[in-house]
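Please find one structure pasted underneath; my questions will follow.
Order of writing sets the labels: A, B, C, D, E and F. Residues in every chain begin at 1.
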Amino acid sequence: MKLIIAIIKPFKLEEVKEALAGIGVEGMTVTEVKGFGRQKGHTEIYRGSEYTVDFLPKTKLEIVVGDDLAAKAVEAITAAAKTGKIGDGKIFVLSVEDVIRIRTDERGEAAV
Amino acid sequence: MSAIHGLPPALRELSMKTLFKTILCALALAGATFTLTAQESAPAAPAAAPAEPTLEQRVGDIEAYMNNAARVTEAGTSKIAGPGPGHNAWQMVSTALVIFMTLPGLALFYGGLVRKKNILSVFAQCFGIAGLVTILWWAVGYSLSFGSGGNAFIGSLSNAMLNGVESGATGAGYYWISDTMWAMFQLSFAIITPALIVGAIAERMKFSAVLLFVTLWMFAVYFPFAHMVWATDGLMCGPLNPNAAIKAIDFAGGTVVHMTSGWSALVLCIILGPRLGFGKEKMTPHSMVLCSIGTGMLWVGWYGFNAGSALGADAIASNAFATTTLAAATAGFVWAVAEWITRGHPSVLGFCSGIVAGLVVITPGAGFVTPSSAVIIGILAGIVPFIFVSYLKAKFGLDDALDTFGVHGVGGTLGAILTGVFASEKANAVVGPLKDGLLVEQLKAVALTIVWSVVATAIIAYIVKAVIGLRPTPEVERQGLDINEHGEEGYVD
Amino acid sequence: MSAIHGLPPALRELSMKTLFKTILCALALAGATFTLTAQESAPAAPAAAPAEPTLEQRVGDIEAYMNNAARVTEAGTSKIAGPGPGHNAWQMVSTALVIFMTLPGLALFYGGLVRKKNILSVFAQCFGIAGLVTILWWAVGYSLSFGSGGNAFIGSLSNAMLNGVESGATGAGYYWISDTMWAMFQLSFAIITPALIVGAIAERMKFSAVLLFVTLWMFAVYFPFAHMVWATDGLMCGPLNPNAAIKAIDFAGGTVVHMTSGWSALVLCIILGPRLGFGKEKMTPHSMVLCSIGTGMLWVGWYGFNAGSALGADAIASNAFATTTLAAATAGFVWAVAEWITRGHPSVLGFCSGIVAGLVVITPGAGFVTPSSAVIIGILAGIVPFIFVSYLKAKFGLDDALDTFGVHGVGGTLGAILTGVFASEKANAVVGPLKDGLLVEQLKAVALTIVWSVVATAIIAYIVKAVIGLRPTPEVERQGLDINEHGEEGYVD
Amino acid sequence: MSAIHGLPPALRELSMKTLFKTILCALALAGATFTLTAQESAPAAPAAAPAEPTLEQRVGDIEAYMNNAARVTEAGTSKIAGPGPGHNAWQMVSTALVIFMTLPGLALFYGGLVRKKNILSVFAQCFGIAGLVTILWWAVGYSLSFGSGGNAFIGSLSNAMLNGVESGATGAGYYWISDTMWAMFQLSFAIITPALIVGAIAERMKFSAVLLFVTLWMFAVYFPFAHMVWATDGLMCGPLNPNAAIKAIDFAGGTVVHMTSGWSALVLCIILGPRLGFGKEKMTPHSMVLCSIGTGMLWVGWYGFNAGSALGADAIASNAFATTTLAAATAGFVWAVAEWITRGHPSVLGFCSGIVAGLVVITPGAGFVTPSSAVIIGILAGIVPFIFVSYLKAKFGLDDALDTFGVHGVGGTLGAILTGVFASEKANAVVGPLKDGLLVEQLKAVALTIVWSVVATAIIAYIVKAVIGLRPTPEVERQGLDINEHGEEGYVD
Amino acid sequence: MKLIIAIIKPFKLEEVKEALAGIGVEGMTVTEVKGFGRQKGHTEIYRGSEYTVDFLPKTKLEIVVGDDLAAKAVEAITAAAKTGKIGDGKIFVLSVEDVIRIRTDERGEAAV
Amino acid sequence: MKLIIAIIKPFKLEEVKEALAGIGVEGMTVTEVKGFGRQKGHTEIYRGSEYTVDFLPKTKLEIVVGDDLAAKAVEAITAAAKTGKIGDGKIFVLSVEDVIRIRTDERGEAAV
């Protein structure tokens, strides 16, 4: 099983969610994060001081899928999250050793 | 146009020519007088001393104060020519309350309803409008609204830079309040009216465009309406102008404030177009907490608006206080119950919307209807805008973001009409001679207000669009107006 | 029961029978009159013209206004029969301030203290109570409280739908305020009282159950108490009713407002049971910022409550203003210092709690004690409820979520008693003839209030429980009332 | 020192000796009288009955009320000796408004500007100061400020514990307001002044040190200044004291409130040193939303401050209301536009800063200048502090965290000077006899205020540092004052 | 060493923390997240519009433990977080290559 | 490629960011978290009740780097985040199977 971590633009969340649902991904976990990359931030001014805010709001998705679905999921996310502009984000794929569904004690692929 | 044809001949004659002359002249003069001068005319030299008032007359003057009536002494002889303390105190309180309605009341009410990334843009718009309108009002706005020597549509420039508005004098507004306080009370109305429009165009209009739009709009819509409805020589000032072409009544701004802003908001929001992602993305209020605080402040501030419009702490003010309370509380409750029945939940936004709707709808009649009529008005205020906002708006595909039209446009129109229905001389003697045919006059006022607001706003909006553009770039809109237009964020961790 | 036996014979005779008759009749009549009618009695025809007042009398009337005293002219002859501007202005301000106390003051004070998931439920309860009570008040509540022709326990239905309450008339409340403003001022008290109870049952009572409970409670507790304490023919109205069975004094609502709500809150919170997870999970205030804002608003609004209860902008009002300020500031400081000493930190919640406690405790005596007595009262207000809330409450295992009983019940009772101790004719001439034995009368009033509130609340709570149930399902409670009962979230990212 | 040498001989003679005697005596007496006693002197026995006033005189008294002027009857004979309702109502409203400025106004304005971890410390400081100063004021503060029988620098102890301050009497403050309300109105000023200092030392001063500093500062700076500027025998009370050594004018506290707090803030913030991480870490306001709410409340509350300083609801109050409105709105707009031009964005913090600056700068002249002068003053108020805060402050490396000095120090000084320039008898007859050479007198007052505030604050700060230390440990400062000093967090999820 | 990622119902945090302390787990990192799974969200109404909120508030725990403790930790979490109702959450187990304690520069199991 | 997860004290973020930039790390994702470890929390008091707050605010960094940079990145973080006091935090290193840059569809090291 794979853990797919995707950092996307916040307003793309809804589209990505739908794309994933389309290929049968049934669960995910979403975190608000701040991203730092090539995309430039903005400048904030408070009276005497100017601050460069180089952290931009991003949304992080964590999705665990069976090995078979992983490639399709990455594709779906890439397609839905792309705007072609800098700051579109990244996807990281990690290997997961085990999955447990708390409610039922199921394990492995069955628990995904 | 057909609405204009329905107007009485006297009005038809005046209207077209004077109207355009008025708008043009207002706009032109504005520039001319916008230069600052610290010189002011010397105070009028005292006229040849008139006869001393008798003791009886002096007591009569004091009694007139107690009753918020005209002095009995001859002009210039009263020993108590200045503002009367109780009434003037109430006028100061009322003015402070109306300013409180805008800052922070309305800013919070609207600010809570937008998304997090745009909260400061709402505040900036409210603050900016407050500053801009105050400067305009001082320069020429008060004078164009209430300066003497104008016509039925607009005042004059005789009181530009508040020249001749003396704090020790009375009579400009009413018998016992300082002329200066009259100018300030009216200023507080002039500030909140354009600020109401902000709700319809929230989250997607450039700050510069908002300011330019408001500047033009004040000259083309607000100053003329304040004059027409509340100046003693105004076109629609039923209670004070015996020659009024339309003998309508509007206690605290159903037409002047809520209809002009509401209908203008409708037009502007159509021309502007919907927010990016409208209908697809979730655009829920980011803080019903702020919205609720704003609602409480609007409610309380509205006492200044309505009971303050009595221009004295008298029986009319007391009645307006009661009608305002009853309508607001009832409408809030009814709107929430309506939601409960139709959607399964009484929401806090429902309470807030209903309360504001109740306040809007009672405004034109606050000092003209009885408390029990106010309860009925409150019930209707909880139902009619609710239906519009919950069902009809979606049909029209309108992105009236925070429901300025739904609440102020629909509610203001409803209020103007219901005032015609429920106004009663039991509540206010002024109603007596006007009651016959009042409903028709109210409808005429409604029609004129709608046509004027819609046409003027459309023209102004296209001018602003042509000159500086209305909307920010899509990236700016996506990322939020706060960081891009104001260089700040509403909440920092 | 033994408390009742301690009452004077006159009262004992009246009490049992009249009391139950009163409650039943109030509840029954309510339904009957709850139908809306726009018709109102015609204004009383003017009586045969009485003699013109002399100039001396006319001046006397004006002086009476200045002194907030009775007119010297014969009834019906005064040239200044309407509300007096200064006093009436203050009454309008005071009423607006008390409404500000509830919305948004109390809503914020309580809302900040609950968990994030329940903040909107607190607002909904405050808004809902405001709407519901306003409608009840207009329909029959004012009349049951102050309508003439009732008995020692309850008013009548003669002023149902505010019939006969004229804004141009005075005297219903006091010499110089509009009768309408009297009805509105009292309405603002009727709104906040049940809203106070919300603090004890926060986070775990169904919205529908709150509304039903409050409806019954107004009839069974509030209207009778407003009548008994403040109507001229009320059972416990020491200053105005020479036949009062209990000659107690209560300037601005120690018994009527704080004791009834506080003791009822205690009973209701016991019957309701503690919140799920109480004592195990952390239940810290989610926003001391909101709570602090609310505290500031309560403080300022309380000037309407206390100084407004003078019913005129006179010396008594000024004294009440001072005692309120001194007690609030002192109690806030003392509570925080007490925390500092006993727990190592002066907390903001300590300041807020102390300030509110100070305001509560000074309320019944605000217009009866001197400023220096107010400082002593403030010190006690910062200590006694602090001890209860910090030490005793835990002993009893009470989940008085936001300490309504600890602050309003304990504080209100303390205040009623201290009023008996510190009331002084130096502060208010009214105290003079009542001072002898006043403490005993206060204790009787306290006992009656506790017994009545406790019994009535217990009965009503069980009725509501039986009819629609008091609590939401555990899932709803776990997830929060906001999304489940109101379909909204307080904060959206 | 050289500033002192510039003073007139009369003053020079008085100054050095009396000054130090005054400070020492104030500090010493404070302790002595700080014991609580409930006994108060019996009310003065009525003097032998004087002649009844004639009807003409009685009417004259009422007219005097209407005009906010002195009674015409002989002392002790007026039939309307108590507070006059309209004026007294306005005084109560004004006092409530000024308290609203501190709680929650200023607390929000400042609280929004600090980082999240310190928001509650700001609230605690405001609440703590309100409590502490109220207790001091009641004990000796009022008396040291306004008690009769003092010298040019300080009052006396004759009114300690508000002894002899009767709510039914008038004259202590002005003709028609209750003496008690005068004491309360002045209390509201005494509370907000030290609270303003909090802005300069935010996020890095121990709570105990704040309280100790404020206690000493009230005796060494505030009480003397309140006396010197506003007591009838005060050193700088131009309008009321014919023997004033400096014939300056200060309508609502340019020197007393804003300059003392602003300059003291400067000194204290230098002695305290900058926040840990200052200049390296980001220290952006955590909530411009709260700051904006606070700004709105400050604006509205300021009407109590400025228009309330007329001590009556008269023409002067009306004028002050107008000048306050115009200056605030103009300055806010100008500051934001200045930012727009120089930095590309009109920020909400710019609007807020400008509004407060406008309010500060107009304060000393509010009742002395005309509305059009107020517009000019507003423009300057939007530019001068803007330049200081945006450019000069950084040069000096000052960590005036929330710009107390930049806005109140610079603005207060500017206002005191501009008052000398723009004061006009057209706005207020009092100006007439003082206008000649007024600017020089204003400059003397400015110099004395700066020197006194700076020296006194430096001494007090070093005393506090020596006795209990000024700053918390670095860990505490890093982690935030809220959890460490008050055991709470501002926001809990 | 293992990284255990557990998504649980927020109100179960305290119990899970105690269960882990019971078996000797000394550190963890907690994030507020929004979860999307089989559990249905609720509907929010704002004037004219109804929104289905299908993201529910969840709490994410990240716990790094030595290989020996991993199984026990999973068990402890499962037991403490279970309510038996839908939405109880999931546990993912990943392999960790290295751990460093910043304060001491310790590495590996010693740093856990 | 490696995923470096670092839990640090919030006020160290700026310094760590600069240290990473210094060695050429161009992107990172930041999350506010609450940490539970050896460092003791504080006590909060609300009227009658005292609560021990044992979760402290921490900042979590997630940085994906090529295998070559991983060791240097860990070092840079450790150096910049250290105060020597308890609570300085931890670093976890995990192996990443794949990285995708959404904007360009690049994969692997090129996408980092």
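By definition in this document, a contact is a pair of C-beta atoms (placed from the backbone, for glycine too) under 8 Å apart; a residue touches a chain by one contact, two chains touch by 3 or more.
Since the structure is predicted, the reported quantities are computational estimates derived from the model, not experimental observations.
Contact with chain B and chain C alike is made by D, E.
Fewest steps needed to get from chain B to chain F, stepping only to touching chains, is 2. Just to note, of A-B and B-E, the chains joined by more C-beta pairs in contact are B-E. Inter-chain spacing, taken between the CA centroids of chain A and chain D, is 54 Å. In this assembly, the C-alpha centroid of chain A lies 54 Å from the C-alpha centroid of chain C. Between chain B and chain D, the centres computed from C-alpha atoms are 34 Å apart. Averaged C-alpha coordinates give centres for chain A and chain E that are 18 Å from one another.
Residues of chain E in contact with at least two other chains: 31-32, 44-46, 94-95. Among the residues of chain B, those touching two or more other chains are numbered 55, 59, 62, 65, 84-87, 89, 93, 282, 284-285, 293, 343, 345, 347, 349, 487-489, 493. The chain pairs satisfying the stated touch condition come to A-B, A-D, A-E, A-F, B-C, B-D, B-E, C-D, C-E, C-F, D-F, E-F. Those residues of chain D that touch chain A in the complex are listed here as 282-285, 339, 343, 345, 347, 349-350, 353, 389-391, 393-394, 403, 406. Here chain F touches chain A in the complex through residues 3, 17, 26-31, 62, 64, 94-103, 105, 111, going by the rule given at the top.
Within the complex formed with chain F, the chain A residues making contact are 2, 5-8, 31-38, 55, 58, 60, 74, 77-78, 81-95. Against chain B, in their complex, chain D makes its touches with residues 55-56, 59, 62-63, 65-68, 84-87, 89-90, 93, 97, 115-116, 176, 284-289, 292-293, 295-297, 299-300, 303, 307, 312-319, 321-322, 325-326, 329-330, 332-334, 336, 343-349, 351-352, 355, 370-373, 375-376, 426-427. Residue ranges on chain E touching chain B, taken from their complex, read 44-51.
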